[in-house]
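All chains are identified by letter, namely A, B, C and D, in their written order; residue positions are counted from 1 within each chain.
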Amino acid sequence: MKLAFIGLGQMGQGMAANLVKAGHEVAVYNRSVDKAAGLVAQGAKLAGTPAEAAKGAEAVFTMLADDKALEAVVFGADGLISTLAPGTVHVSSSTISVALAERLTEAHAKAGQGFVSAPVFGRPDAAAAAKLFIVAAGAPEVVARLQPLFNVLGQRSFVVAETPSSANLVKLSGNFLIGSVIESLSEAFALVAKGGIDPAAYLDLLTSTLFTAPVYKTYGGLIAGETFTPAGFAAPLGQKDVRLILAAGEALNVPLPLASLLRDRFLALLAQPGGAELDWSAISMLARRDSGQ
Amino acid sequence: MKLAFIGLGQMGQGMAANLVKAGHEVAVYNRSVDKAAGLVAQGAKLAGTPAEAAKGAEAVFTMLADDKALEAVVFGADGLISTLAPGTVHVSSSTISVALAERLTEAHAKAGQGFVSAPVFGRPDAAAAAKLFIVAAGAPEVVARLQPLFNVLGQRSFVVAETPSSANLVKLSGNFLIGSVIESLSEAFALVAKGGIDPAAYLDLLTSTLFTAPVYKTYGGLIAGETFTPAGFAAPLGQKDVRLILAAGEALNVPLPLASLLRDRFLALLAQPGGAELDWSAISMLARRDSGQ
Amino acid sequence: MKLAFIGLGQMGQGMAANLVKAGHEVAVYNRSVDKAAGLVAQGAKLAGTPAEAAKGAEAVFTMLADDKALEAVVFGADGLISTLAPGTVHVSSSTISVALAERLTEAHAKAGQGFVSAPVFGRPDAAAAAKLFIVAAGAPEVVARLQPLFNVLGQRSFVVAETPSSANLVKLSGNFLIGSVIESLSEAFALVAKGGIDPAAYLDLLTSTLFTAPVYKTYGGLIAGETFTPAGFAAPLGQKDVRLILAAGEALNVPLPLASLLRDRFLALLAQPGGAELDWSAISMLARRDSGQ
Amino acid sequence: MKLAFIGLGQMGQGMAANLVKAGHEVAVYNRSVDKAAGLVAQGAKLAGTPAEAAKGAEAVFTMLADDKALEAVVFGADGLISTLAPGTVHVSSSTISVALAERLTEAHAKAGQGFVSAPVFGRPDAAAAAKLFIVAAGAPEVVARLQPLFNVLGQRSFVVAETPSSANLVKLSGNFLIGSVIESLSEAFALVAKGGIDPAAYLDLLTSTLFTAPVYKTYGGLIAGETFTPAGFAAPLGQKDVRLILAAGEALNVPLPLASLLRDRFLALLAQPGGAELDWSAISMLARRDSGQ
């Protein structure tokens, strides 16, 4: 299939490479060109603009940092809305707001283009290993056409609704659940550590018994070891996702007190010198600090 | 070994039965005698008072509902403190306060008796199937002597400290972590359901990807299905454990904002007609109600 | 002085009338013309567009519902930015976001126009009676020129900074403090009422002793009497202001847990049928409901 | 009237002195005798035990630090329960738990003694100047007999109920409301200060407009000036009162999320080195610290 891939950060590089490897013809674009070198070596075609990348493609993937970056690519001068051929599908894998997904749905429909939200769960290593989980939502026949691509990108995909923004809501809710795990572990570790219990032994107990999910092992390990650099997922990204889930809740009149707690934690972390460079699990330092440790 | 087992609720019956099955000589006591019938049929000896049960035993297990029940058995007239022979070990498996564990440690030491805290993770079916996880703390040589009994009672035991109350702190922190899972799922389900996503499909997605731990499957299932009776762990017990973790935090000056949120949820649930009869996962009804669903 | 006044809601009408009464030449504009009738009868001149109202004016007041309404008047086609003569001052009295005030500051400066933020404290009756409190911020010489107008509009004005948006921050913080009073009273009333104490007697005690400020009398009375219609300040406005203070906190990395609590209260109120028509003090129904009353 | 006064801290000394000045015959007791010197010089009679002080008195006032101190005086060896003559009234002015007030009500009734709860609002200077506000609850005929004494002790008294513990609930709710003022001001000051606004000017604005109650002036001044020593009301007392209001809420199944927030603030303050010596308004340092200031 003729494809375009826009946004070659750590996630995008891995995803685009898997599409190339699967034999697709992939034109790639990134604001800073150097990120594309590896892909070009593997057979991708470098494009100078998003529009050039998208030219003739059946589907255009975007994997960008945030709403603003995606808005620029879609609504900016020579953006996808004004340049995509009718019938082309924009597949948005970025973690963006529900509101932007709704706006994209409307704008692409008006322009006779397709739009599917397909955000993913997984870190860069999972993207590279095609082990992502893909949450997709869009018109059933369009999603069906994309299914072979999802199979190439991840270990499993879930079609959650026909309204694209539903996939974004699910993605954001997942990050909220992970953030909740971090906060709950943070408080538990602060408490037991002040009570004299060895954090590593405590972590082993938790993850051998009730909390066997990888998310507890990963974040419990970071918290117990106070290992917050290099950031696997930096604090500002965590703060952004909490902001987006709160905004989604606000739009639907759904109070989210635990998300509100996370919000205040992330702001407190970002307010500390160097906080923005740390992994989002560094909010655990706040529970510990508040306990005088 | 000659043992006593006091407190034959759903948990205690299963535990005592496994001790009998393993060939130990077990005298049992329960306030209401009928709970003991099955055990007597299996070979346990029925005692008319805790003191009578404890007579000649090397170790006396207690598995009672709360601090008050255990205080009555230990500090009441003819209680364990005044009747246990020197050298006898009291093994407390109840989910009690850190403060009571500290008081028991001191009182038993003063009376020349041993004391080990050994609370457990697991529901009645795990108790019956010897699949409990046991969290033990106490003097190393005493804990070592008890190890064969722990092996009979559970699938694994963890010795977390020499101070008995540390085991209670860990146990309470575990229930706090489970309560946190319930609250986070409650908010996530309220949000995605109002956003039009099917709860069952959402649950499948969560538990197939990031949240594979049984605790997410169990509580996610109860929340998605709104199945709060019969209560596997009733709301008043959840409220009690949150109270105890907050009390432990207060004693150590450790703020626990997520536990505070849980506290207010449980009180709101108990304030509703019939709330006290529901499973503790019924706090999810509050997030849903607050969202107008 | 030749003035324009744009936005003739309940607040704007009273303010514009006082400017007319003080002998100023005031051109008025409102989207729905009928709101202007009374003012025209008093001597104001009706304009068909904001630009027409602003023509030849030394200062243009805006008193509009929210960011969106003000943006339309300022940045829309024939908006103030593109039509105000150089040197003209835009005085914004609306309760708007800090971010919009910053944007206005920059845009007006670029266009050679003046900009002063002058939000007010006070309800419509205070606006009519010239009893408002005015919080002003802007270039000192410009604010000084406006001072006689502030004297006509309110009982006292406070110049808080040279950066216009500071006045908005202060205004929003004031509404946050009022919201906090409402929440604290809500919880206190829920508690003492369930404890059997008469709400009216309790209110009398509070407001005769420690809490003599009018804000406690006003909102305590509404809460004790459960009088939430007609809305003096409707729930959606309360929700909006909490959103704006949280956004201001987010921009500065200032966590505001009490504002987060208010946020969730307002969303829960708006999620209830009819909630949007009630006074913002109706969040007190939530504390009462959560206590089973 | 023949009276006894037990507990001569800063508050008790002022109150007892006013009773003496009014011509009553007052026997006083305090654990450390030196606190009684001034009162004896004014005409009070020094007693060696609570029972000796109470001998022949019509009413016995207690003004002690906490539940524990009052329990010792009432239920201890030679305590008031076992030594007060039938018909004597115990007037408890301490800020104690609702639960202890209930226990005292029952125990005194059983012993044929009277019991009235009469906690007060006001600091030591108000106690000395007879400017306290007294919140009284008890049997109407007994309260009526005490009214002349209340008139001597304070500027106004409020009879809120016939159940003594209701007065304690009201008193605790008042301290909760003050704590809420402190928290709301703390967040507001953290925000506007980070926004570049002068705290003193901001305080002047608040207290000249909407928040004219003395409580805003007092605590706003402490927060703006960061003056937390000497403590007018020390952090551990604030923490205690929040604990008691939360316990009262728990007994009645009334969730109090704002009180929960205060709880966590006070624990965080007490966890800091030197925190226990500061005024309770020092929780404002936490909002400021969390904002990186």
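Definition applied: a residue touches a chain if its C-beta (ideal position, glycine included) is under 8 Å from a C-beta of that chain, and two chains touch if they have at least 3 such contacts.
Quick caveat, the model's predicted, so the values are computed rather than measured.
**Student:** Taking each chain's centre as the mean of its Cα atoms, which chain lies farthest from subunit B?
**Tutor:** Centre of mass proxy via C-alpha means gives C as farthest from subunit B.
**Student:** Could you tell me which pair, A-D or A-C, is linked by more C-beta pairs in contact?
**Tutor:** A-C
**Student:** Taking the mean of the CA coordinates per chain, how far is subunit A from subunit D in Å?
**Tutor:** Roughly 53 Å, centre to centre.
**Student:** Distance between subunit A and subunit C based on Cα centroids, please, to the nearest Å.
**Tutor:** About 38 Å, centre to centre.
**Student:** Give me the residues of subunit C that touch two or more other chains.
**Tutor:** Residues 249, 253-257, 261, 264, 267-268, 271, 290-292.
**Student:** Using the touch rule from the top, collect the residues of subunit D that touch subunit B in their complex.
**Tutor:** It comes out as residues 243, 246, 249-250, 253-257, 260-261, 263-265, 267-268, 270-271.
**Student:** Please give the residue numbers of subunit C that touch subunit B in the complex, ascending.
**Tutor:** Within the complex, subunit C touches subunit B at residues 257, 264, 267-268, 271-273, 286, 290-292.
**Student:** Going by the contact rule at the top, pick out the subunit B residues touching subunit A in the complex.
**Tutor:** 98, 121, 133, 135, 156, 158, 160-161, 163, 166, 169-170, 173-174, 176-178, 180-181, 183-185, 187-188, 190-192, 194-198, 201-202, 204-206, 208-216, 245, 248-249, 252-259, 261, 287, 290-292
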